[in-house]
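Next come two complexes, and both contain chain A; in the first it sits with chain B, in the second with chain C.
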Partner chain A sequence: MDNVKSNQKRIHPIRFLKSRKGQRASIIILFLLVPMTLLITFTYLPFEKMIEFSFYKMKYLGRRTPVGFKNYIDVFKREDCFRALYLSLYYMGASLIQLVLALYFATILSFKVKGGKFFKGAIFFPYLICGIAVGFIFKFFFTRGFVLDTVLQAVGFDLDSLPRWLSDTRINNISLAATSVWRYMGQNMVLFIGAIMSVDSEMYEAAELDGASKWQEFKYIILPSIRTVVLLNLILSISGSLSAFEPSYVITGGTAETATYFVTMHVLAHNTKKVGLASAMAIVLMGIIILVTVAQKLIFHFIFDNDSDISKGTRKRMNRYLKKQEGGNTYE
Partner chain B sequence: MSNRKRRKHYSVKQCIISFLKYFSLIFITFWMLLPIVSCVITAFKSTQEYNQTSVATLPKNWFYIENFVTAWTKGNMGRAFLNSMIILVFVLMGSILIGTMLAYILNRFKFLGNGLIRNLFLFAALIPGVAVQVTVFSIMTSLNLVNTLVGYMILLMGTDVISIYVFLQFFENISVSLDESAIVDGASYYTVFFRILLPLLKPAIVTCMILKGVSTYNEYYMANLYLQSEKLKVVSSSLYTFTGPFGNQYNFICAGVIITVLPALIVFITCQNKIYNGLTQGAVKG
Partner chain C sequence: MKRKLISIALVFVLCFSLAACGSKKDNKDTSVDANKENTQTPTKEPEATKAESEAANDETPDYSMTLDQIELGKYTDITATIKFATHRTDLVDNGRFAEYVAEFNKVYPNIKVEYEGITDYKETMDIRLTQKDWGTMCMIPTSIDKVDLGTYFEPIGSYDVLKDIYNFCDDKAFDNVVYGLSSTGNAQGIVYNKKVFEAAGITSLPKTPDEFLDCLQKIKDTGAAEDPYYSNYKDDWAISQWNAHIGGSTNGDPEYYNNILPYQKNPFGPTDDFTGAYSAYYLIYNIAARGLCEEDPVTTDWEGCKGRINRGEIGVMAMGSWAVTQFQQADSNPQDIGYMPFPLTINGKQYASAGADYCYGININADEVTKFAAKIYTKWLVEQSNFSYNEGGIPILKTGAYPEVLNAFSGVEFIVNNPAAAGEEDTFNAINAESEMNINVDGKKAQYVFWEGFKASKGESAKTLEELMAEFNEAWSDAQASLGIEVKY
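== the complex of A and B ==
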């Protein structure tokens, strides 16, 4: 009796694995194992630890002292922390200019232009350059008497009247933000071109027959069709500016009042090893980013729901409904 | 003659518009290329030439490659390229396998927690990477993964949310009846995935390889944190070491910059359209 039972136990799992149901369970577990482990260990565990660390005065190694909310208070009180967020205004301004320029060149390059492929490539290529290389290129570019100054002198500026682009605190943040326009404008442009190209070309022909001007074509055909991509990029660029990091980290190393919030945080965490304070800074910024994202999503929805077109939400609901009807794309 | 005929079709207004169009294009292209071109010019100058001439003067000898040799050896670029290649191969394979497997499960199977997992990945995209590194560093330390290629590769594989969305979207468009007919014929889920679906996903895989390849090759922040030993330097982090020894000798630094940018340029020229398409697809993650 006992023998039979254990026999059954031994056979059962194997038979179960061979059955459809067992196979289903095994593939779900097996295929989810790696991604979920990675997601939890490198995103959610750090996230949880960050919250924990933010209540301690601590370094990576050694003793920890709980300090309550002191780190959070410090984030708002310290000169170098919260005020650094004000720098992100420069990057926000830059990303708005970047979007407008990208939109302009995307509109031009979506239609027949002599050498269009070359122009598109030249504008896009900076996006593929590594951040460190961009840093060196612009350190060289902005150095006193070098590239930028030479060009400006050639068009009639006097070297003495030109500022020191990277150390003059009145202008250096603008210089840094400009480098990010240089780097990312092409990427935005390619995205916009993709969206414009997806518009049915008959629309343009019809508009031309009706005698529409280029501006009218832009306003009534192009803009509505790429609104989603533009708004998406707007959202991304605003949260991107809040977490601006690269230009100031690589080009100036955060000197001369260019240390953005993230650069300050990086220095606190990895150089001065104030891990608790850095964690608190990270949490505060993340809170702000999430708030901003949610607010933008709401505005986004508001704009879409005010339209006569089918709004995104309704479309989603419709899709869900249709899927239920058809049984969706999942197995029975 | 024919030229004059064609001109007649253009009104003055159109001429101005067309002039402005090309003027703006040339203007922006000038500023886009200027930083790179000035780097190229400087990279071919000997130190003496660099010190004496202005940035705008062209180098005397366009075949002066001494700077490149110095940059290559001092920056230990051979080693760096090898490391970067190893990382690129494994990270691309790993993240594509992980991404497709996850998307397959999330798209094709209905089970408790499916929605939760999707949302977990979505929320993860909101957490800014640099911020989490503060504590990821302490986790990596306790796992003994600091200063190992493996640790760095695992880290890069785990943080890829965009490709998961590209794959999910792609699966939506592959009809489930295809899988079902194979299952009726006795194929297991594994066979369905590896033999039927994975080949069909090729366009999405190319997209993700491009996006992930660019970001992996250019990644330097984590490389600086986690690959500090000399032997483990990748291309971007070796370039970073140029600040110290070369100081303001921009002829060497520019040569180093060009060495690292060249592979990107070659890839860009050979598969321009694929890169553009890849970007456009990657962006519509909704």
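== the complex of A and C ==
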């Protein structure tokens, strides 16, 4: 140690660069330089600008007048902004269904299944199509007398009793949310499969020896082992459903009361050119997403204990069981 | 080792290809510079001298002549190449432009015209124009402010002179200088299928909003067409076609749109005589509320509806005259497509909004001879090519013939909106954006009115037309207040 210290005292810039430490530092800096420059130029600077814009009444070109918090007050006062957020509930509901389905398929496909690879590919495939194309696919899918109606008629539905999937306000937001389930379920599934793969297979064997059913295996082995990924997927899909844009924008053009928060923002920013107001909307949305994410984290913290492989509830039950059996020796 | 060699080779290839790109660009730049020098020192200009020597027996034309001074049929020795960027990719692809050029070359064999069709025209041209050598002629993008016209485009004459010869001159004029003439004029009206009207027993075209709705009702009752009216509700731009009637067709006053509407109190009515934007919204709302439109308006399909109106499955659509030729060519019944003026009679007279289409612009950076050739071509296009007639538009030359499509418009006065008073050019745009009415910007408000009507037709709770108009009036008043616009009317 002393030797190193004395070396550092009469440090020489070139010798420092040649030393192991110096090389490590220079490589770290050089490698970080590229992503950091990109990140700052394309993420943080525009974001900082957007915050600035949100305090102005402005168009893209022309005069800018500072208006203080007026834009933010408007966001909360306007009818269309928050009614659009209410539509996010449809997408949130859909994303929960999507996670359950993804988890279901992931669990099945993680074990040996006939044609497993094909199904994995087939379910993941929609994620690879770009959102605009998905929009066009579903525009025709839902059109009267097209794919969906034909299929339903083939299984015995009467065309007259079928709703108009995109024009009927009782159902059109559900139709749109369903398209995002179709698109993103595969991605969630792949993440789940990856996590499930990392579960030690000996655990299943041990569980089977103990006579555990498949459901119990899922509940006590798989789910607790992959809860980090479940949490991640949940956060991603909830924030994704708050910022849903493509289905509504491409399929219905935001018409027929399907304009989500993002579509409303887009119209304000680009058709009406109220850039300040739209920026404020974006920042309010970001605030909401942060709140939701923190709330989710907290809720998860209560359900699962982060320090153990087994959930709190399970541990309590096990402890109770052990107490009954052996009297006192608890499982930690 | 092998892999290493391959990767090194790849790196080299990439580097060289990049270098090649760079040097190519350099070449281009220098050639532009050379051009520039040529224009600055006309003595060095090879083309000019060539043209002069060839035109020795003819008098040498003054290249700075304005469009009114140019006489077509003269200066036939001019040699030049015109590179023409256009948004009409359809006419480039089907060879129509080539036919026009062949016709032009009968008189001017040495002027070569090369058309380039650009999809995504607006965005592409905005970028291209920032370079000086974008070509010789183009359709002036609408995004260029009038103040800036002079930096990109060659003046072709003075407004005072040209306005007596051509229609829609003021569209690309600034400070009494005209920079471009329109390729054709669009009239705003309503497309209908003549056969459907016949089958429904409609003998005369409707002249009031209620007559119009009765016609649609008849079509529905007789089952003459599947959809009496096709709204294209989902497509913002399509339903926004109703906006174009505001001012001209709905008021018959060229001053209204820019000089009255921004200063008007409660411009959205309801008005007893249906004047103003109210008539357009009245029609949109009632078409939807009485169930005269398509049943599933959110899944409308623009490409599909062109053929359907041609075959008589759709009765009526509100579209600009530019759409007529497209509907005629969509299927095998072009003779059935008719065009009628907006169903509103003001003091016994019908009016129709009209306006310029894209205008021909000439690159100010081109050399003198080419610019002169481009002026000749512009004049020929506007006066002798029959372009606007073939496109079913209003002729640009005041004495030009109106196409057959606009026959129903005889006795109807075309209204071109007058520009705003000096110093007030931005007022309309400002209030339009501030109130979020977005008239002629998007169709969101038309969609809104339609949707409330549609909900009413289904028996769901919906806003009445009066409530909607009150809402619009309030937005307009609020915008006037916040922008400090004086309410004068």
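Note that the second predicted complex is superposed on the first by the 263 of 332 C-alpha atoms of A that agree within 3 Å, B and C clash if a C-alpha of one lies under 4 Å from a C-alpha of the other, contacts with A are read in each partner's own complex, and residues count from 1 in each chain.
In the analysis below, a residue touches a chain if its C-beta (ideal position, glycine included) is under 8 Å from a C-beta of that chain, and two chains touch if they have at least 3 such contacts.
Remember, it's a predicted structure, so these values are computed and weren't measured experimentally.
Chemist: State whether chain B or chain C is in contact with more residues of chain A in the superposed arrangement.
Modeler: B
Chemist: Quick one: is A:46 in contact with chain B, with chain C, with both, or with neither? Answer first, second, both or neither.
Modeler: Touch partner of A:46: chain B, not chain C.
Chemist: Counting only touches as set out at the top, which of chain B and chain C does A:267 meet: first, second, both, neither?
Modeler: second
Chemist: Regarding the shared-chain residue A:150, is it in contact with chain B (first), chain C (second), both, or neither?
Modeler: first
Chemist: Would you sort A:19 into first (chain B), second (chain C), both or neither based on which partner it touches?
Modeler: Touch status of A:19: no partner.
Chemist: Taking the superposition on A as described, I'd like to know which of chain B and chain C A:216 touches: first, second, both or neither.
Modeler: After superposing on A, A:216 lies clear of both chain B and chain C.
Chemist: Go through chain A and flag every residue that touches chain B in one model and chain C in the other.
Modeler: 143
Chemist: Along chain A, where are the residues that touch chain B in the complex?
Modeler: Residues 23-24, 27-28, 31-32, 34-36, 38-39, 41-47, 49-50, 53, 60, 101, 104-105, 108-109, 113-114, 117-119, 121-126, 128-133, 136-138, 140-141, 143, 145-147, 150-151, 154, 182, 186-187, 190-191, 193-195, 214, 229, 232, 239, 243, 245, 249, 262, 265-266, 269-270, 275, 278-279, 282, 285-286, 289-290, 293, 328-331 of chain A touch chain B in their complex.
Chemist: Looking at the complex, which residues from chain C come into contact with chain A?
Modeler: 233-236, 295-299, 301, 433, 436, 438, 441-442, 444, 447, 451, 454-455, 460
Chemist: Which residues of chain A touch chain C in their complex?
Modeler: Touching chain C from chain A are residues 59, 139, 142-144, 164, 166-167, 169, 172, 252-253, 255-257, 267-268, 271-274.
Chemist: Quick one: in the complex, what on chain B touches chain A?
Modeler: 17, 21-22, 24-25, 28-29, 31-36, 38-39, 42, 54-56, 98-99, 101-102, 104-105, 107-111, 117, 120-121, 124, 126-128, 130-139, 141, 154-155, 157-159, 171-172, 175-176, 179-180, 183, 188-190, 193, 214, 217-218, 220-221, 225, 235-237, 239-240, 242, 248, 250, 253-254, 256-257, 260-261, 264-265, 267-268, 272, 275-277, 279-280, 283-284
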